[in-house]
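What follows is a group of structures, each given as structure tokens.
Next, two complexes with chain A in common: one pairs it with chain B, the other with chain C.
Take a look at the complex of A and B:
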């Protein structure tokens, strides 16, 4: 089931203004994505881990997210060093392990993990409903935010709808296997899911009309930029300048 | 499969079909030997049923909810880091791919199975184009190697998904879609 496991807590980061966290996370993600020197990337990864520590998030849940992102990165580590042009540092049978390939793979690993961890700490520490309100205060077009909130509302519903269909099939004795009956059953399930999605969209539309929806959602969230936010603005500015210096030192 | 502006009804359809795509990332079909997810099949279906503009919008909103941290990208991933990472191009390609599929389907009054398969194949190629380009740029590998890693392993699965998605689209198109 879809959940927001990081959104509850009372850490300093949980208490920061969500608008501020969104801006910080975005700027930090781009700074890290554009960095290439190892000192800067290692420092970014350490800082991102520190953010996770300050957030006091569940270790297992964070580890699960990290493992998911690193699935494809492991695949890159298998392929890129063996196929990348450059000086071979080791031979695996007929294949040379390229030094440049190893460096590229290491950079991707550091960048991906640093950005992911920072996003878990800064963004996933707020609920999607709160982030929707924060985006609205950041002057993001209202229609985009309505789409976002409606989408968020119905992901749970559509997932549960699919589970219900699957349970019905199981109760009728359906067991998936590699045969035509299985493919047809899944095709029917998907078809019904889309028909149900369409029916639901029509019902939601009619319900919104009945309630006099005039194109505006109202939010009771109040945001304020506190002293804690100011302290974190200073900290993040120093960190970002530090990363840029590490990047620049390498170039020099 | 009718063309509409971004009305309230259009917004709701785009949101709910985007939600179905997001749920698709969680739906794993336990087919032996390798379980498959249905995300691209759901994307193709949403685009074929909603048309180019709303189909693309359903994917934009799906990306946005993933970017702000909700774990809806394949395998439960989330965040801007995924979009900026080696596989982010495929996700960006979802928007362009959905637009292309929807527009191609809209070109025919009542498209048949073959035309829908053709549209979905072109849309999938667009997704691969974005995916391979970003993979080559981020991983700094040649396009040939990016294709070897990022396209060839998925070709058979995607071909099957296109065929199934097109069959479903033909079957349910009169029951699904925006009718004013």
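Take a look at the complex of A and C:
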């Protein structure tokens, strides 16, 4: 269930400094999210595809993620053109399909996918553990990093625990269906998961104290800003300036 | 429950970030270093529990559980939800960077709000506690859906009808969450009442380790 399929690889982008990748991804995401002109958005989508291409990720895996995340976009395409005020270009029975509604949906689809692809290329290409230590170098509050890394560490344990509970339930004849018994079983299952989590936390914390934990995580990750990063800094700056030009300059 | 990237406008995204940062700061202040492992491991449990798909009619819904997060963690819900959403973005690319603030608000604000509304009631006698727990679970989802609607409507007035649909689509989820929260609270009252607000450590039983058979 929980995997990081994009984090292994040896492409240029995988070799970039994770701190730098995170800053890049954030700036790029905001630039695209705040753009509205079609030339800029189409250019951004093409650039994001190029990033994915450079990452050399499995096509099928990427396609699967994109399909999953586009669920809400499909919902928007169904609803927005029919409910948006504006000039109708087509009639579906009593409903008019509004031109503005179609444009808004198209804009959102482009933006959403451009950001998503860049995110997969730049962020999902590092493991969470690496990202965690990179975040701590970026002056994110220590408590947040501490929460993030411990949470990540124990997701896998909790998943194992959950599967074990579910197995023992199904051995005792539990078959999920739409009835109160099912909901009650799931509720108790979640309850015991929390109780076990809480008990485990106490043991983990005591073990950490025994090993001299004093409120700080030390990271053995060494990050360095290489020449490759410098080249990418230049490339990305040009791309972002280009997107801004496309956004603000009217193309006749 | 989250809004994907590329939908909301700049002002909405930025207000979301500012408010979520304030909530998280309060949450972190209330979360001492020695309580962070507990919050982190509980949030790992929530993360896994929210991946559970519960059948409803011919379809299934996944649980949100922000009501129980609020009850167990209070203001701690803010940092815990922020971190869970960050992990969700890193692992599954749900949500994203620009929407992190808004999405944190959508889940955490109702959680804290319901904690104040119902936190004291879930420790009372069962005929008060059970309806309170149901309402806590159901309303946290309802308020979350309303906040999704508000974020959409503030972005674009024409999204009003979409927002109504979002809230309506969450009605079945609300009921399921209410039922699950009520049973879950009933369970915790029996097994480890000191996890719930309104129970002091002195009056509760000694928590028994490994209560249920594996």
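Here is the rule we go by: the second predicted complex is superposed on the first by the 249 of 252 C-alpha atoms of A that agree within 3 Å, B and C clash if a C-alpha of one lies under 4 Å from a C-alpha of the other, contacts with A are read in each partner's own complex, and residues count from 1 in each chain.
The rule is short, and it goes like this: a residue touches a chain if its C-beta (ideal position, glycine included) is under 8 Å from a C-beta of that chain, and two chains touch if they have at least 3 such contacts.
What you see is a predicted model, and the numbers here were worked out from it, not measured in a lab.
With the C-alpha superposition on chain A as described, chain C and chain B clash in the combined arrangement. When both complexes are overlaid on chain A, the residue A:248 reaches neither chain B nor chain C. Once the two complexes are laid over each other on the shared chain, residue contacts for A:180 go to chain C alone; chain B is not touched.
Of the two partner chains placed by superposition, only chain C is touched by A:168; chain B is not.
In the superposition on chain A, A:59 makes contact with neither chain B nor chain C.
Counting contacts by the rule stated earlier, residues 2, 4, 25-26, 29-30, 33, 65, 68-69, 72-73, 76, 79-80, 83-84, 104, 108, 111-112, 114-116, 119-120, 123-124, 128, 131, 143-144, 146-148, 150-155, 157-159, 162, 176-178, 182-183, 186-187, 190-191, 193-195, 197-198, 200-201, 204-205, 208, 215 of chain A appear in both its interface with chain B and its interface with chain C. Against chain A, the residues of chain C that register as touching in their complex are 3-8, 10, 13, 24, 28, 31, 33-34, 36-45, 47-49, 51-52, 54-57, 63, 65, 68, 72, 79-80, 82-84, 86-87, 89-94, 96-98, 156, 158-159, 161-162, 165, 176, 179-184, 186-188, 191-192, 195, 207, 209-214.
Taken together, the chain A residues at the contact with chain B in this complex read 2, 4, 6, 22, 25-26, 29-30, 33, 64-65, 68-69, 71-73, 75-76, 79-80, 83-84, 104-105, 108, 111-112, 114-116, 118-120, 123-124, 128, 131, 135, 143-144, 146-148, 150-155, 157-159, 162, 176-178, 182-183, 186-187, 190-191, 193-195, 197-198, 200-201, 204-205, 208-209, 213, 215.
In the complex of the two chains, the chain A residues touching chain C come out as 1-2, 4, 25-26, 29-30, 32-34, 65, 68-69, 72-73, 76, 79-80, 83-85, 100-101, 104, 108-116, 119-120, 123-124, 128, 131, 141, 143-144, 146-148, 150-155, 157-159, 161-162, 164-165, 168, 176-178, 180, 182-184, 186-188, 190-202, 204-205, 208, 215.
In the complex of the two chains, the chain B residues touching chain A come out as 6, 8-9, 11-20, 22-23, 26-27, 29-32, 38, 41-42, 45-46, 49, 57, 60-62, 64-65, 68-72, 75-82, 84-87, 138-141, 145, 148-149, 164-165, 167-168, 171-172, 175-177.
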